[in-house]
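For reference, the structure is listed below as structure tokens.
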Amino acid sequence: MLLIGLAMERGLIRHFYKRTHAEQILVTFGLAIVIQEIIKANFGANPIPTSAPDIVAGSANIGTFLGLGDAIVYPWWRLIYLTFSLMILGGVFAFLQFTTFGMVVRAGMHDRDMVNLLGINVERRFTIVFGLAAVVAGLAGVMYAPILPPDYHIGMDFLVLSFVVVVVGGMGSLGGAVAAGFLLGILQSFASMNEIKSLFPGIDQIIIYLVAVVILLVRPRGLMGRKGVMED
Amino acid sequence: MSVEDTVLHIADVHKSFGGLHALSDIDLSVQKGTTHAIIGPNGAGKSTLLNVCIGRLIPDRGAVVFDGKELTGKSPHEINQAGVARVFQTPEIFTDLTVMDNVIVPILSKKDGSYKFNPMQNLAHRKDARDQAMELIEDVGLHPDDHAGSLSRGDKRRLELAMCLSQHPKLLLLDEPTAGMSRHDTNSTIELLKKIKERGMTKVVIEHDMHVVFSLADKISVLAEGKIIAEGTPEEVKANPVVQEAYLGG
Amino acid sequence: MKQPKINRRDVLKGGAALGLAGAAPMFFTRNAYAASYLNDPGNAATVTLGFNVPQTGAYADEGADELRAYELAVQHINGEGDGGMLNTMQPSALKGNGILGKKVEYVTGDTQTKSDAARASAKRMIEKDGAVMITGGSSSGVAIAVQGLCQEAGVIFMAGLTHSNDTTGKDKRRNGFRHFFNGYMSGQALGPVLEKAYGKERNAYHLTADYTWGWTQEASIKASTENIGWKTNNTVKTPVGAGDFSQYITPVLNSGADTLILNHYGKDMINSLTQAVQFGLRDKNVNGNDFVIVVPLYSRLMAQGAGENVKGIFGSTNWHWSLPDEGSQAFVKSFGQAYGFPPSQAAHTCYVQALLYADACERAGTFMPCEVVGALEGHKFDGMGNGPTEYRAEDHQCFKDVLVVKGKENPSSQFDVLEVVEVTPRAQVEYAPDNEFFAGGDLGPCNNGSA
Amino acid sequence: MNIMKSEIGMMVVFTIVILTMPLWLAPIGAGYPDLLQKFAIFGLFAIGYNILFGLTGYLSFGHAAFLGIGSYAAVWSFKLLTMNVLPAILFGVVCSGIFAFCIGYVSLRRSGIYFSILTLAFAQMSYNLAYSVLTPITNGETGLQLTINDPRILDAAVTSATGLPSTTLFGLSMSGYSGFYFCAVVLIIGFFIALRISRSPFGLVLKGIKSNQTRMKYTGFNTRPYMITAFVISGMYAGLAGSLMAVTDPLAGAERMQWTASGEVVLMTILGGAGTLVGPVLGAGLIKYFENIFSAFNDKSLHELFSFLPEILENGVVAIIRPFVGEGWHLMLGLLFMLIIIFLPGGVMKGIDRIKTKFGSKSEKPAEQSE
């Protein structure tokens, strides 16, 4: 995953830093179609069942653990997934926040030329960040496979949603993305309840987008967006 | 001078960012037909003052009165429609358009600015606008068919000046109009600005270049740390010891 | 940039030129010779059929399997290969020399599982390639959209995989025919089997894909399970393509229900089933009953996608390659020889539809759609893998036995994931044409199209 | 004087090229009514989209919503009023215009990526609702179709032989070639309007907004109403295209509103050349051609195509091409897409301009982007 990410950045994406955002989006979209079709040609279009290791199969009886009877159960794998994502999140956050490397990258986001003038090779660091992003996304995919059997089209299903979450969270803000993810996920779950659906028919279908609209109108740069990122 | 001659009156304006007082208790009057220069060291609040005048920033306190009307709280396009035009420090022009179109847009603004839907009118037939634009473009020495984006920095400034002049503003605000220009270009710009003065246009100029300031200004206000520390004719200001200490000497 | 002046007269002149230019190519729009119906092959040596299947999108694998079946059917009709079901079909007017002596040619297209794309593709086949019959598809929305198009254009439509009641219910058309079974039949077939396996005292919770097919299936299954005494605890609609169903599954745990019915198909079915099993639903015991899950419509390809999780889960299917009858065996054999693995139910229904169309043309003695419709309406046949079958004249739905299947506990290969539990006889799944689930439609007159 | 620079010259050339499409597209397999109709309809859609994106630079990811609304409105007009296409088109354009005003009014409070996300969110909401909850109006996944029993209060009770009446323009059937010519005439009118807009003071204001919105504001322009107008106009174009889809094929489906459909028009515009007049039409044609022709190849038709080659060569060529056509046409599209963005930023029109300046007459300046 790291290698694919690095290769992609070196071969293609870096030539697009100077182009418009629209072109950046479009060229990666084109690449996504190509990769997707290659996967289809090799693995077929049908989902591939992937089971979690046997040792963590089944579900945990959280209710008993909390002393609430056996009413609340949750699959072990999802608990592992949750723990794992929190660890990755912490790692990425620490990396960007507390290392010099992260500091340079954040500075480069605001003003690439300035950082370059300081004699720091921003390009190389962006390559590494891109690779890192690919690794994190890849890990998410691997860990998610037992919950959602992967097929060649799975990327597209997540594309729009992740796009919305990042923008709603605030571009360039890790905390914002996490907060937006939680917020939208929880609201979606509430909206899926029959009691709420009977009050507002179809609310479960649109809640995410509705909340996205409201947030962007109230907070122009998303939940935790900072000035100067992706604004030209 | 009487109050009627005052075109722009900045009354008791105060603006702070966080804890920083960018402007405090600014009181300033600009007389009709004069060129009023504002000088001061970097960070003195000169650009902030201009931004308050054109509606980019809203003052925390005080008012900007132009031509008897209060501008505070009005949106930028309303302020421009009232007759205030501004030349920016880094030229704000339409880099994707030709020089001709760059000048035509502000000419259209008088009629179309607040909104006019005329999608079927052919621009090529607006001869009045084209002639007017052509005259101005020749005045500043540019070519109408050139692409604005490919102009030199100096030419871009001249283009922006032409764009502002095409609106016949009652008040023209100039933010360092000669910064980054060669001595030759600076001189021709000074000539151009003097020519405008003869037409009776009121100007407020922010400038570092003392050569420019003393050859253009009728009156100078000196700004330091958000306050006006001195005001008067060029000679008076030159002689003022406070100014010499704060600015000229430092 | 200089521009000439334009005045009103110029505009008028331009308009006149435009009118003239518009009129000229109209001469090319009609064929010179007269024909009695659209795309009449006339004296040509070949006849063209259009195979419209999903080649991209979620159902691309099913589409690929359908296309394999069609290619096989064309070979068999043209007298190539081992003949497949041509040898077992009863009665058969096919001679193995094409249809009416004309060699069968075919064109293919991608429906993308989208109505617009499917209709565009079908229109190309009709307008450009001269297809006299369109067949295929792997979802009800597309089938209904293409069926409507074929009716308007005036060609025959032989539906592929489409399970919604509406295809031969409220959206039925005279030019369209469906061999595949439907949601109501699934419900009728499953009811008795579920009663036998799980008893009369059950409390069912439905999760239903929130669109037309899901609703008709939910209604059908609900009716038949309530008929055997089951209570319906709740019915919850889930958005199509939800991906994560956890927020729908958690409420099931505390609802008091002991049976979960997943009215999902395709990816939704794979995901909801996988996740329901992970939440430990099947390990639970509610009201003294072991918790069970039912997936009313099975597809072998999708069952493969769900892997281990389908074991022991009941559902229904139109056909399965393990059926021992002569017709099924002949088809599985020639399909296996050509491609190296057994065919899916989608492949089967498409293959059969192609053969049935060819046979109807032979019997009608023409490709003229209205004559072919006449030959298919009320046609009874056997030896095609489903036992004695009838194309009912009133709604163009095939009536035949329905298979109830169960996920196999010990699969011998990746294709061997389902076992047939019961073959529900036709009488048990049959319904009156004006049944409440199918009412509201009208076949209308047939359409030969304008040549 | 360059013929392409003059308005009349441009219109005459465009009109001739469009109306003779059945002739010159036939040799490459695209000369049949349905695809020709699609060329015209999506050309119109892309022209309209370009008025927003090409002139003002605002990237909307939700324009398919207006296409869908136009379709639904037109089909309802067929069901309730009459099979005549004019009320349907009017109804479609008006409905999408109203809708565009509402969405634009809210979305245009933000710019850049935030504007894109807002439009995307609105379009996805429309799609999800149309697919499920609004089924009584939209007929959900199946799509809204005509039925024999529709009231059609303005039509006398005529039942046609096929069971379903077909859409007409005062008796002229709107399927087949006559449908194409109708769409083509609408396309030409739409093109003319877009041409005039781009050369009008209004158009110049929009270009000014794209180039430097700050300067526009400090030059006395209230940019918001201009933006909203551009948004509504392009929404109406989309509605017009949507109603024409219903005219040539009376069906409206929810998937017309999905984000992939919105993405498609972005691709068309950028592929052809955003901001150019002809580019979007070209891009629309290119993508529709790929979708309909390249996806239709199979082993058999490929072998037939290359049967003039010796057998070994034939098999070789087919083996190389096979993965890119038929079920692999998406691969081809993705590759083409990347190649154009990488090597021809600015789209096909820009590429043509480059070739022109390289080989063409020296006196000719590279065509401006604004054209």
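Which chain is which? They are A, B, C and D, in the order written, and residues in each are numbered from 1.
Just so we're on the same page, a contact is a pair of C-beta atoms (placed from the backbone, for glycine too) under 8 Å apart; a residue touches a chain by one contact, two chains touch by 3 or more.
What you are looking at is a predicted structure, and each value in this text was computed from that prediction instead of being measured.
S.K.: Can you pull out the chain pair that has more C-beta pairs in contact than any other?
M.R.: Counting C-beta pairs in contact for each chain pair, the top pair is C-D.
S.K.: Name the chain whose C-alpha centroid is farthest from the C-alpha centroid of chain A.
M.R.: With centres defined by C-alpha atoms, farthest from chain A sits B.
S.K.: By CA centroids, point me to the most central chain in this structure.
M.R.: That would be chain D.
S.K.: Rounded to the nearest whole Å, what is the centre-to-centre distance of chain A and chain D, using the mean of the C-alpha atoms as each centre?
M.R.: 32
S.K.: Provide the C-alpha centroid distance between chain B and chain C, rounded to the nearest whole angstrom.
M.R.: Distance between chain centres, rounded to whole Å: 72 Å.
S.K.: In angstrom, rounded to a whole number, how far apart do the mean CA points of chain A and chain B lie?
M.R.: 47
S.K.: Between chain B and chain D, what is the separation of their C-alpha centroids in Å?
M.R.: The separation of the two C-alpha centroids amounts to 45 Å.
S.K.: Chain C: which residues touch two or more other chains?
M.R.: 1-3, 6, 60, 64, 210, 237, 239
S.K.: Which chain A residues reach two or more other chains?
M.R.: 205
S.K.: Indicate the residues of chain D shared as contacts by at least two other chains.
M.R.: If we look for residues of chain D contacting two or more partner chains, we find 7, 128, 131-133, 199, 330, 368.
S.K.: What residues on chain D touch chain B, complex-wise?
M.R.: 7, 193, 196-197, 199-205, 207-208, 210-212, 214-223, 225-226, 229, 233, 365, 368-370
S.K.: Quick check: in the complex, which residue numbers of chain B touch chain D?
M.R.: Interface residues on chain B, with respect to chain D: 54, 56, 75-78, 80-81, 85-86, 92-98, 101, 104-106, 108-110, 112-124, 126, 145, 163, 167.
S.K.: Once bound in the complex, which stretches of chain A touch chain C?
M.R.: It comes out as residues 40, 44-52, 57-59, 71-75, 77-78, 146-149, 151, 153, 157-158, 188-189, 192-194, 197, 204-205.
S.K.: Once bound in the complex, which stretches of chain D touch chain A?
M.R.: Listed in rising order, the residues are 59, 106, 109-110, 112-114, 117-118, 120-122, 124-125, 128-129, 131-134, 259, 263, 266-267, 270, 323, 328, 330-331, 333-335, 337-338, 341-342, 345.
S.K.: In their shared complex, at which residues does chain C touch chain D?
M.R.: Its residues touching chain D are 1-4, 6, 10, 14, 17-18, 21-22, 24-26, 28-29, 55-56, 60, 63-64, 67, 106-110, 114-117, 119-121, 123-124, 127-128, 140-141, 144-145, 148-149, 151-154, 164, 166, 171, 173-174, 210-213, 237, 239-240, 442, 444-445, 447.
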